[in-house]
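For clarity, chains are labelled A, B, C, D and E in written order, and residue numbers in each chain start from 1.
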Amino acid sequence: GAGTLDEIRERGYAIVAVANEPPYSDIKPDGFVTGAAPDVARAVMKKLGVPELRSQLVPYGSMIPALQARRVDMATSGLYIKPKRCESIIYSEPDLCGAEAFAVAAGNPHNLKTYEDIAANPELFMTTCAGCAEEAYALERGVKPEQIKVFTDPPSGIKMLQQGRVQVFALSGLGTQDLLKKTNDPNLELVMPVKGVPMGCAGAAFNSADDDFRDMYDKALKELKESGEFASIVAPYGFSAEATLAVKRDDFCPGN
Amino acid sequence: MDAVLEYAPLLWRGTVTTVELTLASAALALVISFVVGLARLSPYRAVRWLAIVYLEFFRGTSALVQLFFMYFVLPLWGIFLPPILAGIIACGCNLGSYGSEVVRGALQSVAKQQHEAAIALNYTTYQRYRYVLIPQAIPMMLPSFGNLLIELLKLTAVTSLITINDLTYMSQIIRAQTALTLEPFLAILVIYFLISTVLIGGMKWIERRTSKGRNTIVRQGA
Amino acid sequence: MFAGTRAQAVNADLRGQMQNIIEFQDVSKSFGSLQVLDDLNMHVVPGEKLALIGPSGSGKTTILRILMTLEDISAGEILLDGEPLWHEMRGGKRVRASEHHLRKMRDGVGMVFQQFNLFPHLTATENIEQPQVLTHRKSKAAAREKAAEMLSVVGLVDKRDHYPHQLSGGQQQRVAIARALAMDPKIMLFDEVTSALDPELVEEVLNVLRKLAEETDTTMLTVTHEMNFARDFADRVLFFEKGKIVEAGSPEDIFTNPKEERTRSFLRKFLTGIN
Amino acid sequence: MEWSWSVAYDVMPRLAAGLIVTVQATLVGALVAYVLGLALAILKMSPYRLVAWSSYWSSEFVRRTPLLVQLYFLFYVLPDLGIFLEPFAAGVIGLGLHFSTYTSEVFRAGIENVPKGQWEAARSLNYSTIQTWRHVVLPQAIPPMIPPLANYLITMFKETPLLAAITVVELFNAANIYSNSHYKYLEPMTLVGTFFLLVSIPAAALAIRLENAFRRKA
Amino acid sequence: MFAGTRAQAVNADLRGQMQNIIEFQDVSKSFGSLQVLDDLNMHVVPGEKLALIGPSGSGKTTILRILMTLEDISAGEILLDGEPLWHEMRGGKRVRASEHHLRKMRDGVGMVFQQFNLFPHLTATENIEQPQVLTHRKSKAAAREKAAEMLSVVGLVDKRDHYPHQLSGGQQQRVAIARALAMDPKIMLFDEVTSALDPELVEEVLNVLRKLAEETDTTMLTVTHEMNFARDFADRVLFFEKGKIVEAGSPEDIFTNPKEERTRSFLRKFLTGIN
């Protein structure tokens, strides 16, 4: 309830669920977690009087149960704001927005530009993460569940693509871009943006009972955005501050 | 490989977590082994049955399923276990069920005459187990415990799937950060092998220590 | 004291006048359908040395095991010092003995087994010391002193820190005797204590028993196939067959002039084998 | 947390499909484990020191490292070396390879329990090596191996959820995928646990009876 | 035929004129640092019945095992029918025998072991039948017929469908003898074939061997501790000690008038034990 933030302040640090997906999150060899989402959260929480973030790595599929079970105080790092999710958790105002992307074989032999293109060709397989927005996009647009092979982590997904186990890899645009850059495989190619799906916007996510905490967070986030500090945090990671400033939570989940 | 070496601190922390997880679960499993193993030999039917239910439950279901149950389902009932604790409990309970069979088997293989000698000397049931049967059974348990310890070490890899930052999980992080596959996996396979080899060596050392000076094979009569 | 005890014991006339230390009243014992003891009646006076002899399977071991509470009885009653062994009164009713009652009764009884049954993980001294500490709550020092004393009785002072597997069979058996004696039982039971030993080791154990029979006033029951030893050791010899006493009497009577044909035929084999 | 029958009903068909995959993976994996285990046992007993030594240590390496990591390795690394395995194939090979290190010990013990005199008798009757194995050693070694081998079958059955990590949609993964998209954990996970018990407890009881049957014969 | 063979065998003068079926030439055998056979020379003519006697560890079993190719030799040469057992010529060079060569040589040799070593998963008949089918490529029917014949030689027709564990030790050993005989070996080796048997079963097996010695012209080497049997059975007795032949001669010579002191002292023990 209302006391969550007080508890965190007393404790001196917040426990934050972070996914293992650059550039949303970026884990340094010494274990320090940065990346666009944790950095934003860190700045916001500092404003709220919490000097430290302790991050816990949680796969996307497990973030909501982790919040519900209060294993973490909040989840950051690119959990898209989706109506279905809003039934279970509450979000801050959007903090990171980006287009969707596919990774495909060089030259895009199947000419895949949209999820509908995948649905139209039941021979093809795609991979994305368990419980991710991309899985929902695909299913909503007619891709059959049998066509989706869920990967345990994004590099495994890219591996599957390289090995031809799947024909398309779907994830957030910047995540995909980052991964392709690191993989540095000339046989792969980026398709961005994927048409026909909304720009994905993520926010910090909270347990549904923590609306007070969330509102305080929103206020601090707003200050951050207005001061321009926000842009200076996310830009180096490749995110566009304007895109984020242009949207509101209510665009995705009215009344959340 | 350089990229992996750069991430050596992460691997090191994963190694520490894995070892801690293994040792803590081993301690729990040891306690459970004895409690459940002894309960199997209880004169009270109800106690024996409880022990069997425990045994069959933890032996009969997959450790991964147990882990997910503890991590995701128990909190829904308000039982909140931090991941590392859920990992320790799941691994410990799982291995404890196997260990209890080892304890029971070893105790049952102590000669019946040793029971009778203890009764003839008017030992209480507790004293009989504490001072006569268990001390003789322990050397018989050690080799099996050694094998179970390796099983436990391997089981801890599964906890990576409930986000415990053990060695296996660290390898996934390194993969995400570097987009390498062969090197991180090879590295942790070797690390696991080294840990288990050290553990086996340690158990062998304990076996030698406990068998020193006494010969557990009782030479009775001609 | 010692002389008196012996005299009392052999004198059958006196027996009625003193409290029997052991009394079997119509005791029966079956294992499943096999009746091992059959309405057995038997009395032992304090200090008496008894030898139980008889063919294999006649129930001798079973008698000792019942006295040691390792087996219970199917019917009848056993009194130790006048108190029922296998029953007790609770709430005015006669019920089967509880573990608590058995523990109390066991306190006065010690047993030495055919297979020694030393604790293999303890040294000779520890084997003798531990039961005193655990069941008599003696201090470790007192128990250790008693252990040393008992080891000297059985002539094994120099082996005190050896583990059982480092001792010969005869030495192990002597430690087992010392362990039982150290508990100061009023009744000592010996079940074929030499039959697991190599022939050359038998005498050393029997000599210890002979010495004990002479020197202590503990009541002793021994099952044995060594007739010469039984003759030296016993005040009274009981000859069993099929769970019944066929004949009882002084060693002289039994070994030189048995009344029953069955006894005679049984002893013929043994006596020719021995001399 | 309330149990919801509608969720249970909803997830059931997926679980049933998953159970089929689980059973298939177990059986095929066990077959691999038995065949490979026998081969490994024979290699470990090889008179050639180098063969015996290297097969012992490679088997120990596999035994002492986690199956989960081995599965990742088979699935994600081998293709780089030009060996491309379907998820199911990689899964059963991983399971089989891992458990072959256990079954090889069963085989070794079984073979070593055949008395030396039997080998010598076969030699004195001039059997060839293959005939000795086929007609003398294996017929005697195999029956006592059956109960422990059956026990490993049950163990493998319980390890199949690890195949989820390499995208095999077996029982556990079927539940997990459902949970991740519906945010329902209680029913699917409870059902999976129940399914496991329903299969493994009777199987364990059967294995015990098998063991007793063989003990009586001996 | 039979009479002639025996006569040849005992007649030492004739020996040089016929091909030896077995010839040991300076054979040595060591296990690690232990020398078990020491420059041994030995010759056996076809049809001869030999008894090998001597104290435990003198190398008797080793000789049989080498002939059966269960052990190889460290030095020297063994000829079977003039052909080297443990060596062969390949490309003009003398090399250690290949498995192929050994299989060929083994074909003429059969052995019966102290522990019988019947195949426990096969019946008596199958035990005899299978080797004929597998190594001699006989038809199943022919092998079965031969098995029946052999079982009648050893007097076990009525046990033909019993498994080894359903047979007494003596019966098992007789099946083992039948199994070896069914392969029609030119040389039969018997290694203390009765020493794993209970005393009352020994005679039934020895009688089978006595009968065989009389009725067949197979060359037979038997290691035995039964001196009465050795006397009945053998044409020639070899007394071994420490891997060397101490004395060789007819049973009469060896058992009634041994030349060597060592032989005499060894036999004294046995002969008093037997009569």
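We adopt the following convention: contacts are C-beta pairs under 8 Å (C-beta built on N, C-alpha and C of every residue); 3 or more make two chains touch, one makes a residue touch a chain.
Small disclaimer: the values here were computed from a predicted structure and weren't measured.
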*Touching both chain A and chain C: give me those chains, sorted by label.*
B
*Mutual neighbours - chains that touch chain C and chain D alike*: B
*So how far apart, in whole Å, are chain B and chain C when each is placed at the average of its C-alpha atoms?*
46
_For chain B versus chain D, what separation do you get between their C-alpha means, in angstrom?_
21
*Measure off the straight-line distance from the CA centroid of chain C to the CA centroid of chain E, and report it in whole Å.*
56
*Can you give the whole-Å distance between the Cα centres of chain A and chain D?*
39
*Name the residues of chain E that each touch 2 or more other chains.*
none
_Shared interface positions of chain D, touching two or more other chains_ = 72, 76, 165, 176, 179, 185
*asked:* Multi-chain contacts only, two chains or more: what residues does chain B have there?
replied: 72, 76, 161, 181
*According to the definition of touch, which chains form touching pairs?*
A-B, A-D, B-C, B-D, D-E
*In their complex, what parts of chain A are in touch with chain B?*
20-22, 26-27, 29-31, 56-59, 62, 65-66, 68-71, 152-156, 158-159, 179, 182-184
*chain C-touching residues of chain B, taken from the complex the two chains share*: 111, 113-114, 116-117, 119-125, 127, 131-132, 135-136, 213-222
*Which of the residues in chain D come into contact with chain B in the complex?*
1, 61, 63-70, 72-73, 76-77, 80, 158-162, 164-165, 172, 176, 179, 185-186, 189-190, 192-193, 196-197, 200-201, 204
*In the complex of these two chains, what residues of chain B are touching chain D?*
56-57, 59-66, 68-69, 72-73, 76-77, 150, 153-158, 160-161, 168, 171, 181-182, 185-186, 188-189, 192-193, 196-197, 200
*Sort out for me which residues of chain D touch chain A in the complex.*
72, 76, 79, 84, 87, 165, 167, 176-177, 179-181, 183, 185
